[in-house]
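I've put the structures underneath this note.
What follows is subunit A paired twice: with subunit B in the first complex and subunit C in the second.
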Partner chain A sequence: MRVLVCVKRVPQAGGKLTLTDDKLAIDTKFLGFTIGPHEECAVEEAVRLVEKFGGSATVLTLGHADSVEQLQFAMSLGVADAILLDNGGAEWGPISTANAIAKVVEEMRSKGDAPDLILFGNEAPDSGDFQVGIRVANALDLPLVTGVKGVEVLDGELVARRESGAAIELTKVTLPAVLTVKEGLNLPRYPSLPGRLKAKSKPINKVSPQEKGDPSKLVQLRLPVEERTGGVLLGEGPDAVGKIIEVLKELGVVAR
Partner chain B sequence: MILCLVEISDDKVADASLTAVSLGAKLAGENSDSLACVAVGEVSDSARKELGSYGVSTLYLASDSRLSPFAPAGWAKAVLAAVDSSGAKVVLGGSTDRSTEVLARASAKLDAAFMANCIDIKTAGGYQVSRLRWAGSVIEDAVVSDVPVAMFSVVQSELATPMVKETEVQLETLTFDIGDSELRDAVTEVLLPTGDGVSLSDSRIVIGGGRGVGSPEGFKVLDELAGILGASVGVSRVVTGLGWRPHKDQIGQTGTKIAPELYIACGISGAIQHMAGCRSAKCILAINQDRDAPIMSLADYAVVGDLHKILPKLIEELNAAGVKS
Partner chain C sequence: MSGLPERADVVIIGAGIVGNSFAYHLAKLGVQRIVLIDKGPLPNPGGSTGHASNFIYPIEHSKMMTRLTQDSVRQYKELGVFTQSGGLEVARTEERMQELERRMVSALAWGEEAQRVTPEDIKKLVPYIDESVIIGGVYFPAVGVVDSLRAGTLMREEAQRLGALTVVGGTEVGDIKVENGVVKSVVTLDGQEIFADKVAICCGVWSPKIAKMAGANIPLIPTVHQMISVGPIALFADTVGEITYPIVRDMDTGMYERQHGGDIEVGSYAHRPITLQPEDIPSIEESAFSPTELPFTQEDFDPQLQDALQLMPELLGDEKAGVRHAINGLISLTPDGHPVLGETPEVKGLWSVAASWIKEAPGIARAVAEWMTFGQSEIDIHETDIARFYPHQKSKLHVKLRAEELFNKTYGIVHPAEQYASSRNVRLSPMHQRTSALGAVYFEAAGWERPQWYESNAPLLEKYKGSITQRTSEWDARWWSPIIDAEHIAMRENVGLVDLSSFAIFDVIGAGSLSYLQYMAVAQMDVAVGRVVYTPILDDQGGFRADLTIMRLAKDHFRIVTGGGVGLMDKKWFTDHLPEDGSVILYDATAALTTMGVWGPKARELMSKVTSDDVSGAGFRYGTCKNITIGNTEVLASRISYVGELGWELYVTSDQGAHVWDLLFEAGAEFGLAPVGIGVYGTTARIEKGYRAYGNELTPEYNLPETGMSRKTVKKEDFIGKTAHLSHRTKNPVALLCTFTIGAESLDGAKGAERRFPLGNEVILTTDGERIVDAKGRPSYLTSTGSGPSVGSQLGLGYLPFDLAVEGNVFAVQCMGRLYPATVAVVGNGSIFDPTNERLKG
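== the complex of A and B ==
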């Protein structure tokens, strides 16, 4: 099976986000970078499918030289090679991003190397656009399932499983297809030391994409007013248990 | 014309859809425009009346049974057919998985703009949009201009749902070709849930455990307290990543979102991804050894200390007082 998995380099946010002075981006001076949790599962699934059915997996990102870190992370888990759509690190909108990815897949097709499966995270943790994978499927005229939390492949057909409220929905599609996946699909492995060493010598194919243009323009980012301002320190250690029980009574959680 | 995609189930319009309809009603009022809805499936008189109370004049309905329970490509085609019939320039939907997917698919077909998780939209020479990023930790203000059609999904919690006026909703049946393109990625089977346990998202009390719980066995004390209080146990992402508990127990941006009366967060630092899943809790009680952990300044009540010393004492005293769920 030939699998293409698409990822995005994003800041590794922890306790609190701060903005740059021009308010156009998150201040990343003190942050590391990563790929989103959904995408970690997409990479893991790509590697598992290749382990099971043979073939190879390729990881793709739109970014710049720094994004090699995320490509190598994916390759350290077992992905064979990478494609870097180098746009100099500009923040492209979903229409431009999807257009650039679809162009690469069309090129793969024309070389007889068409992916059977293209995987995305359900949404990026930072921009939360919920649409790049959907637009790629549309551009390539491929079947698509979003929010996938389970994958089974049998004889060129794929059954995708997702949650709908408390129910489970199954969708059967023929390959090739596009999936956007959610965390919980699998439990991603950690990169091994040999895996990390091997990743450094795996090929990264650089492509210069053209920006199609998005109709939405960022004006500014702002931080919402924190509604939770913190409250009462009840105490320290087991001595605070009496106070905890008072709170439980006040909330009506236990009877007075 | 402003068009809203609405999801209807059990004779009711979904709350998330009504949020979009109420924003649509606001936009229609500001621009002396009219408001229409599009839906797939069947519509009851009560659902029709509900839409009428927001001033909806027309409901475009695609009722071909092959589009149910969910054929996203077919639903997107229904939205496009309604855009054609109504001449709508704006399409709104709830921020559910389904509406988000359908609007993204429909906008892709038109090469039109789609923005997810909007909290406000104003019209004046294009659209001034405010939307959530980083699961609500950052707000983006953006403008969308020079587009024939723009689509937006609207976040549930941020908008009121005012009843403005009563109108008689006209029903218009949508007819369009339904072939392989509309059905090739439709839902083929629905498995209904078994068992009658209360889900994490519906629990009145949730006890959360993070890395500070220390081990899978460490959750015994949380499970025991949950038994006494009639609570569910949830976890942070670290815990599922370590394989201590399954992903279905995870609270956060990429897990379950909870809105209980009380959330007792034990050994959880309070990263933004976790807070995104629990910020709707009415009351948060945090127990943590690190008094500087972010959650300690966000919680309504905080206790500094080892959860493995505090929870056993709490359980002991609740048992002594004869507390049972």
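== the complex of A and C ==
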């Protein structure tokens, strides 16, 4: 199976965020970079499918040249090679981004290397606009399932599982197809040392994409008002034990 | 935030391992009202304690650091938080094996067990090592790991149980108020003020930022130490507890690997030095993990992965084991690698307890608590005194450059005489151009560039070749030259000229000067104007605080001269004891004056050429000083000697230093004058004369009778340490300082083997190889060593237990795994060269 998995380099949030002075970006002075949790699952799924069915996975990103760090991370997990659409780090809108990615896929098709499966995170880990995967599927005229939390492949067909309210939907699509996946799809692995070292020598194909121009544009970022969920004091010392057990039962951590 | 008292005896800022153990030791010493405050939550407020790898090797070349670490291990064991695992240091190169030999000698000197092990032995201890990568190693059984957060909690709780401690977490300090140079209070960010007699900054990487609030400077820099945790390791699945296998230090690659439960931690000191300023550390809120666990920069660590994989291919090469955690952890580095402790020179009552790592923290806390309470500590920590830094050594640039240079030496092979490459040429003698033209090889002391020897003296090598001992081993000859021996002989034969610009000089002026100095000094200071007095300075316990000379220049004007290295510590000691009534002023004349020395049998002839003043034996007696004119320059000449020769120290205003040097140099040609470096002044000539050096022979750990420097009588006037000193005199000293001659042939019978030379700190053993320790637990080692060209032997100084200190007794010193005979030549005061001081007389 030939899998293309698309990721985005984003600041690794964990603490309180601050914005740059122009309020158009997150201040990354103290932050590392990562890919989102949905995308981590997408990479893991790509690697698992290749391990199961053979073929190869390619990771793609659009962004700053520093995104090599994220491409190498994906390759350290077992992805074979990478495509870097180097746009100098500008924040492109979803139309331009999807357009650039679709062009790459078309080029792969023309070389006889068409992906059977294109994986995205369900939404961009930072801007969260839920668009790029959908637009790419549309541009390439491919079937699409969003919000995927389970994948089964049988005889050239793929069954995608998604959770919809109280029900679980199973959708069968023919390949090639596009999936946007969600955290919980699988439990992503950590990179091993040999994986990390191998990733250093895996090829990164650099492409200069053309911006198409998005009618929508980012005006300003605003930090949400911090919601403080006040803690509940269950009790002190041994007296608290009973109540703690109750809470653990409620959470399903211990059996009722 | 409530719970903050209005008053405290001591406010401790910072609740990491240092602050917690400091609170505990103060409480144990009876301090009643202690407040411990931290901006972060307890028990892990987010500093370096929280991410430390927590393993301890009580093995260092530094006696002080080893003792502090040993004391810390003892304390951790008492708290039940220490797990002994054993630890290895492995070598991939021959050069490293030599260094490990040295480390074994240091271990032996300071009382730690060390076993030389083969690759096969190592494989048995750590089955996941590829032994083909290494050529050998050393096993230290005492190595272990500690739960430092738990230790801090237990110590804090004990101080609370004693009713002495109020703990406040989640409260940030916004200001430290100072009044008339004395600390007054700590103000929290939310505006509460705690008045305090003393404030201790135990803030690790944040210490400079906190000190700045009070106008003080703590010179340290937050530096990245990268660490990853890899797991799950299949081999560790069935082990119980945190650690089963010995820790491995892969010294040549600057890395360590240690089991941590089901994972293995891999840490590195080999990546590029990454420093940042305390102001650039993220706040707790802004941090993804904690403020001292910065985002991992993978590209810096990648080269080290290969090294780790090579050593432990099966374990780390397991595709199922992943990098589960990776951080750029912040640690504190200082410009000289030592902690920064003690009362800040800028603010009375403001103390620094900073730049301590987990391994030495409880030991440091105990020592500083004793220092704060009694004025001195059981373990001598004078090398850590914050007062040691000159202003330029506290500058951000210097701290950064030196820390970056030191970082990659963490596991490095550092020669005992190794010089820094960065931040040089800061303090230059007025004679620097002259000495530079003479091919001076400069060693740095306190920022001063001091000629260690002069390449221009190379022709003397041929002349004196019969008296010069060559060193064939590259290590022994590193940072050394046979020219030092040649200069030595030239001085003893003719006359030498020494640049002594690094002296620290303090003028004591005012009506109260005499009574003040009487109280400071052991020697009688009520001497005639024009006398030069050499005197020990003691602490309250009678331990050595300093040794220096004091000249009486007028009835109410004295001049103190001490070494540059200890200059500012001595200055603080003297300044702290100045009378409060303003009757004495201490003026630092170091930069205003420069000093040079003229010594040798032809010194008088030379001086007679350049001055018309009376320099005859009768007209200028030993131990006196007076102004003379050299050319057209007025010079204060002081007839004393640290090299055992007739001659003078000449004090000249800095502007005219080079001029006087030129006059002496030109006039000296006919007398065979040679420029002579500190290699002679500070080592060879000094040791031949048995002259003690502060920091080597003279430390607070040894009292005056033990140094052999007691006078026949004790002056009637009171002085600091007098009571203790009188008591020390009533009994035999526990140890005595001796001069040793060190043989050329090793005792192990390896005839014809390359001769090795001691370079300092080598352990003194019985000829059977047994360690020697005195009744106070102090081990015997070479406090100084060097060649004695005029006596034809390698020499050393060192303490022996009283009963063993007998002339003619033979011991052994261990150099690079080989034993060389060390024969006691002089016990106590006295010298092997010119024992009756004929050369000083006349």
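The rule is short, and it goes like this: the second predicted complex is superposed on the first by the 227 of 256 C-alpha atoms of A that agree within 3 Å, B and C clash if a C-alpha of one lies under 4 Å from a C-alpha of the other, contacts with A are read in each partner's own complex, and residues count from 1 in each chain.
The rule we apply is simple: a residue touches a chain if its C-beta (ideal position, glycine included) is under 8 Å from a C-beta of that chain, and two chains touch if they have at least 3 such contacts.
Note that the structure is a prediction, hence the values are computed from the model and not measured.
Undergrad: Which partner does A:31 contact after superposing on A: first (subunit B), second (subunit C), both, neither?
TA: second
Undergrad: Examine A:222 and indicate which partner it touches, taking first as subunit B and second as subunit C; both and neither are also allowed.
TA: first
Undergrad: With the two complexes superposed on chain A, say which partner A:155 touches: subunit B (first), subunit C (second), both, or neither.
TA: Neither subunit B nor subunit C is touched by A:155.
Undergrad: Between subunit B (first) and subunit C (second), which does A:167 come into contact with in this model arrangement: first, second, both, or neither?
TA: Once the two structures are laid over each other on A, A:167 reaches subunit B alone.
Undergrad: Pick one for A:194: touches subunit B only (first), subunit C only (second), both, or neither.
TA: A:194: touches subunit C, not subunit B.
Undergrad: See if subunit A has more residues touched by subunit B or by subunit C, and give me that chain.
TA: Counted on subunit A, the partner with more touching residues turns out to be B.
Undergrad: Quick one: is A:18 in contact with subunit B, with subunit C, with both, or with neither? Answer first, second, both or neither.
TA: second
Undergrad: Which subunit A residues contact subunit B in one complex and subunit C in the other?
TA: In subunit A, residues 13-16 are touched by subunit B and also by subunit C.
Undergrad: Going by the contact rule set out above, which residues of subunit A touch subunit B in the complex?
TA: For subunit A paired with subunit B, touching residues are 13-17, 19, 26, 36-38, 94-95, 98, 123, 125-131, 134-135, 138-139, 141, 143-147, 159, 162, 164, 166-174, 177, 182-184, 187, 214-224, 226-228, 230-238, 240-245, 247-248, 251-255.
Undergrad: So in the complex, which bits of subunit A are touching subunit C?
TA: Against subunit C, subunit A makes touches at 12-16, 18, 29-33, 69, 72, 189-197, 200.
Undergrad: Touching residues of subunit B toward subunit A in the complex: what are they?
TA: That would be residues 69-70, 72-73, 97-98, 100-101, 104-105, 107-109, 111-117, 128-129, 132-147, 150, 153, 181, 184-193, 199, 205, 229, 237, 240-241, 243, 247-248, 250, 253-255, 261-262, 269-273, 279, 283-285, 294, 296-306, 309-310, 313-314, 317-318, 321, 323 of subunit B.
Undergrad: Using the touch definition from the top, list the residues of subunit C that touch subunit A in their complex.
TA: Contact set of subunit C toward subunit A: 230, 280, 282-289, 294-299, 302, 305-306, 308-309, 316-324.
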